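Here come two complexes built around chain A, the first alongside chain B, the second alongside chain C.
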Partner chain A sequence: MTSVSLNLSRDDRPILIAALFILVILVAGTVYTFARFGSAPLLSPTYLLQQLQIGAFLGIVAAGMMIVILIAQIDLSVPWTLAAAAMMATSIGGPLAIPVGLGIGLLVGLVNGIGVAYLRVPSMIFTLGVNAVMRGLMVAHTGGYAPQTAATDLMRSLAADRTLGIPNALFVWAAVSVLVAILLQRTALGRYIYAIGNKEAAAYLAGVDTRRVTVICFVICGVAAGLAGVLLAGYSTKAYQGMGDAYLLPSIAAVVIGGTNILGGRGRYLGTLVGVVLIVLLNSVLSIMDMPEAGRQVIYGLVIIFMLLVYGRGERVTS
Partner chain B sequence: MPDAVAAQGAFLELSGISKRYAGVRALEGVDFACERGKIHAVLGENGAGKSTLIKIIAGVVQPDSGRMRLAGHDVTFATPSAANEAGVVCIFQELSLMPDLSVADNISIASPPRRFGLIDNRAQRRRAEQLLAEIGCEDINPLMRVRDLPLSRRQIVEIAKALGKRPRLLILDEATSALTSADVEKVYAMLARLKSEGVAILYISHRMHEVEALADRASVFRNGRHIETFDKGGRSTAEIVQLMIGRDIATQYPVKPVRTSVRPMLALDNLSWEGRLDRISLRVGAGEIVGLGGLDGQGQKSLLLALFGVLRGITGRVTVEDRDIRPSSPAAAKSAGIALVPEDRKTEGLMLPMSIVDNLVVASLDAISTGSLVDRAKERAAVERAIARLQIKIGAPGDAVSTLSGGNQQKVVLAKWLMTEPRIILLNDPTRGIDVGTKQELYRLMRELADQGAAILFYSTDYDELIGCCDRVAIMYDGRIVRELRGSDLTETNIIASALNIDAASAASAAHA
Partner chain C sequence: MLDDLAIRVRQNVGIVTAVLLFCILYVLYNLAHPKGFSSAVLVQNSDEIFALAMLAMAQTVPVLASGLDLSVGAVMTMVGCFASYLLTGTAAGAPLHLDIFGLHLFLGSFPGGISGILLGIVVCLAIGAAAGFVNGCVVVYGRIQPIIATLATGAVYIGIALFLRPTPGGKIDEDLNWALTNSLGDFAQTVHIFDDGAAGWFAPLAWIPVPFVLLVLIALLVWMPFRRSVLGRAVYAVGSAEGAAYMSGLPIDRAKIAAFTLAGFFAGCGGLFLAIQTSSGNADIPQAGAYTLNSIASVVIGGTSLLGGTGSAIGSIFGAMILRVISFFFRIFDIAPLLQPLFEGLILLAAVSIGALGVLRVRNTLELFR
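Here is the complex of A and B:
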């Protein structure tokens, strides 16, 4: 019985800590704004919804990233997969814009998956290479200039409009979250993902087609990046080069802060959600504080390192 | 007794050495001595305690009790390098070379020659050349990467590395097993020279003709005890085999059924793989338990892996119920109805940090899913059934499988496969490191599965187990099946004789005498 509670706390502890930290950020931010401006914008639902709307793009990228991290791999091609999906979607335009954007993500994921699973190139190297290739292709595609094409109405509506006062992007994020949570908890594929992350050899010898599962995971991550790209283009009304650059490290950080083991095999999707919220709020509080960019980067990095140190301690004790 | 040996000028003397691993006896009260200028062979079955003996002498493990004297002084070696400093150098069975470093780097890895604090590459190369020349293998280029050398040459490099430490006591643990016959000659000549220089040599080999050709003296070990030491020619091969077997308390095995006809299930024809498996033909019928015997590393494990689709480049034919199959991956083997309980349950059989449930169902998720969703009710029922059937002792099904004892972990591995309802079950030494009670449960279960129509191929390093459980035993030597034993021929004498690939008739006649 004790081991059950141990087992639970092993996965839930980081989520709890991260949730507590979110509270700390909210309280500290509110104290600051109250002292400085005499108001508490952080606690207003409008402001929070607006932050979550921005967080939706990161959340969708992180959902895909988590799946790849769970099988003990990494996808560093996310920035330019996202940008490429956005740029191709806007340049095709019309009703095909969104399918094309998602298709780009799927294609890049497929290439990543094949490279990692069948060609056996370490994912850190392979996806980094794919990222550079995508970047080159996009620069060639636009001739080095910012693309002139704008997002379609549907893209804008999905990313920027609201339904019943709630941003549509949040609905998309919620849908992705439900799908990923079901995938991880209720499907055979989800079980295989955890099994591979824990001990690939044992999963392989249990007759799991580990290479197929690996490809599927990279495809999911690619499609998620593509979807985020399409939405982000809709939100900013156009696609632009480098639009994905700000999503690579935060998405990995969100997954890891949420308690997913960076070496794979363990972690709950709820944790990733909490991780995304934490990062978004941290960013927004730092910007409210008028923190210069340099200071923001330092604090941001320190927070990630600190959280991991806190988790890491528990880890060593239990193992 | 030790005094008497000392009087003859023993170089290394062990008295009363005992060692247990997790409560299992590996060595018990061993007295042993060897002299300078002699080649001393150490003989025994798998698990007789030879490896532990060597590890203790070489400082790899510490004895629980007993005394070790070297050249008349009490010594204890806390680490292998302490042993090296005292002149005790061991060449282990597993190669200890770094594949991506050069031959010269590897030979001097422990204490490279230095100049101004930096490694002197030229001196290091000269040293390698010189040592290789001592073995008569000047043709090995010291600058070559070890990875690019064939196995036999790597073994030579390993020996050169040991020579570089200027041993006073040299231990060879199956160090010649990978050598080509040309290289074996060179190593023999080198050993003879070392012997004349007064080096004490301990020699472990499973090849009887090698022992006969080389050893001045031999000691037989059995079940962690030193049985007898005799000089060259003191015992015949048949007598040595008898000493190695001894007599032991029999475990209870389920009764073997008598069958008149067997429905064929698994058939192999001329299965070969990269020179490690050599034209293997074997039949396993439904309801039969067929053992794979022989010494460690004669291809038994490769055979099981080949059937399970893990190895690439297999030639030959595999049929299951008269239908050709091509096991190209474990997934393919699984869908052909084959199950494998792998060698190392901790890294290959289980995902240790995951729950018992997750480990049990991982091979049969297709069967308990509706559409793409796992059916929780079916999952729970299947898990309960499996736990009850194998009587796995657990706290809760959600506990990490690492919390279970070794025996119960192995039951989880087996239960995982039984949930796939396999027709052919491959077992790779499934009772290793498991307590006697669980062992007997596993034996009963194997027989029960066979009675229900499964074909079982069972590799074990424990001969007693093979005799007790199997309807037939195929003995492997050097990647071939050298003999198939059944019925009254299935005796320990015959297994050992076949395993050593020596004349079985002479060993058998000695046993009856």
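Here is the complex of A and C:
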């Protein structure tokens, strides 16, 4: 590969390969459906839009997760932050529902950030504890049963309705994406985030208030999880126990498949978008194929390993 | 002499705190329990502790090498599902089939009786170790970050477990279940040794729970020799400074593979026991996730640094026991079941936050970033 024909930086290569892999999934899925049912639902815009609408929730969670991973931390409190936001938003109801949901996310993010940045507890364990606390609070709040409260009309229309034939959830995801992309590439805060991920001590010596930036990152992740919870409650018209459990590992996988270094400091937002689309399409192709849960898990794991073997290999530590 | 002791205590302050905390909590628990300090309570508690203690040990080894193994719960679940096929204990042996992609393959039959059970246990532990070995190879030769590599292999192992047991089921030999989940006296009676446990010299030992003995044996016969071996020391060295370990000519790759293999073996022990205890195989994904996360919590409470290089699997065992004893307390202090998850979370947060208060003493902020 000459530098003239393909002048790719090392951050762009994963995005290109992941995008190519999406094409492979689409082609393979279409060949399968054509051979078996004589139709090609994967190529119909309606079907694709519907899949992307479901993917929007994962996409919003992954956007927040990416920012935390970029500063070399991780947020394991996403599942119950999401569920708590959804449950509180539906039980408050009225015009305050959405602000309350986002506020829950902000509050959890703030606690996470203070624990990680000021107490220096490893984020892996602190956010795990916060997740357990949120779960405990919600179990106490709902009595362990499915909450009887319903999503407000605004939540439903944001998550489930369409404007000009395009699902509203996609507009929300797009807005979040634009905000995050601008934040990462066009603001000083974005530069600080990458700097902290590369070497926090160096960023600190360069005059960055690294602890405040860390708190801000966790707050962004918390708010993103809260927003996803509010939308998901709107989509399914109610909140339910364990609604966030299916979003933690896929969001980390989407970020990493998109080329973001799990050790922080490197990665582009476009990659995360591509990673989310890849996971959503992979899931939908597997469900078209009637793949049992066992096969899905195996394929899911193998795809992550395969993608990372292609472009995610670290360097050997030799000094 | 006293100076030496003081230095040793200071070096191991994490594990010493964990041991003291556990002793205090457990004595309090037994004092508050109506049947405290009895063999029955001890047996019940060690049954409930064993699987998590094994997973905590499993998690410790990769963490010492500054990796993290997110697949320990999945390996445990997978080994448990295998055990529910291999340890049925029917005298005639169990036929093994493999139904995949519409094919119906007959794999031969598994021997029955005592030899079949012993072989089944060995096979189950080997499967656990093999799963760990695969993790190690993906991390070392694939050069993928451990946290994300084991996330992916964990999904694969859960997939295999679901393939084996789409719905909970299977069976474990009743005698095996009875012998391993009760006291030494019951064990001797079931396997007919020491005059069925009636031998005079054996009586003072008969109250000890079998899982407790197994735990001590595994710690003494597997963990201690490993820690003192070249590979074990290399694991610690890799965790504290990989570059320096490389420059010193330590077998880094083999140490990492050994760390993950040992983790798989320990997780396999946990899965095997869980299957024996519940007499069935169950591909329970939430349970696998909960065990993985609790194993990380146990490691931290047991005084092992998540950055690697310091700590010990023994500490993690105490970490796991502390976590479990806290939940025992809920049973005797009449705390509403609905509030229990909240208290568990708060106690975990409080424990790690108190442990982190050392940051307030740091004079140079730069020391925080390592």
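Here is the rule we go by: the second predicted complex is superposed on the first by the 304 of 319 C-alpha atoms of A that agree within 3 Å, B and C clash if a C-alpha of one lies under 4 Å from a C-alpha of the other, contacts with A are read in each partner's own complex, and residues count from 1 in each chain.
Definition applied: a residue touches a chain if its C-beta (ideal position, glycine included) is under 8 Å from a C-beta of that chain, and two chains touch if they have at least 3 such contacts.
What you are looking at is a predicted structure, and each value in this text was computed from that prediction instead of being measured.
Engineer: Going by the contact rule set out at the top, does A:143 touch chain B (first), chain C (second), both, or neither?
Structural biologist: second
Engineer: Of the partners chain B and chain C, which touch A:99 in the superposed model: first, second, both, neither?
Structural biologist: neither
Engineer: Between chain B (first) and chain C (second), which does A:188 come into contact with in this model arrangement: first, second, both, or neither?
Structural biologist: The first partner, chain B, only.
Engineer: Let me test your reading of the model: by the given contact rule, A:309 touches which partner, first (chain B), second (chain C), both or neither?
Structural biologist: Second partner only, chain C.
Engineer: Which touches a greater number of chain A residues, chain B or chain C?
Structural biologist: Of chain B and chain C, the partner in contact with more residues of chain A is C.
Engineer: Touching A:204, do we find chain B (first), chain C (second), both, or neither?
Structural biologist: A:204 contacts both chain B and chain C.
Engineer: Need the overlap of the two footprints on chain A, from chain B and from chain C, as residue ranges.
Structural biologist: Residues 199, 201, 204-205, which sit in both footprints.
Engineer: Chain A touches which residues of chain B in the complex?
Structural biologist: Within the complex, chain B touches chain A at residues 308, 310, 329-331, 333-335, 340, 342, 347-355, 358, 361-363, 365-366, 369, 372-374, 395-396, 398-400, 403, 416, 420.
Engineer: Could you please specify the touching residues of chain A with respect to chain B in the complex?
Structural biologist: 1, 3-4, 7, 182, 186-189, 191-192, 194-195, 198-199, 201-209, 265-266
Engineer: Within the complex, which stretch of chain A touches chain C?
Structural biologist: 74, 76, 115, 118-122, 124-126, 128-137, 139-140, 143-144, 199-201, 204-205, 210, 242, 245, 249, 252-253, 256, 262-263, 292-302, 304-305, 308-309, 312-319
Engineer: Where on chain C is chain A touching in the complex?
Structural biologist: Spelled out, the residues of chain C in touch with chain A are 68, 138, 142-145, 147-149, 151-156, 158-163, 166, 242-243, 246-247, 283, 286, 289, 293, 296-297, 300, 306-307, 338-346, 348-349, 352-353, 355-357, 359, 365-366, 368-369.
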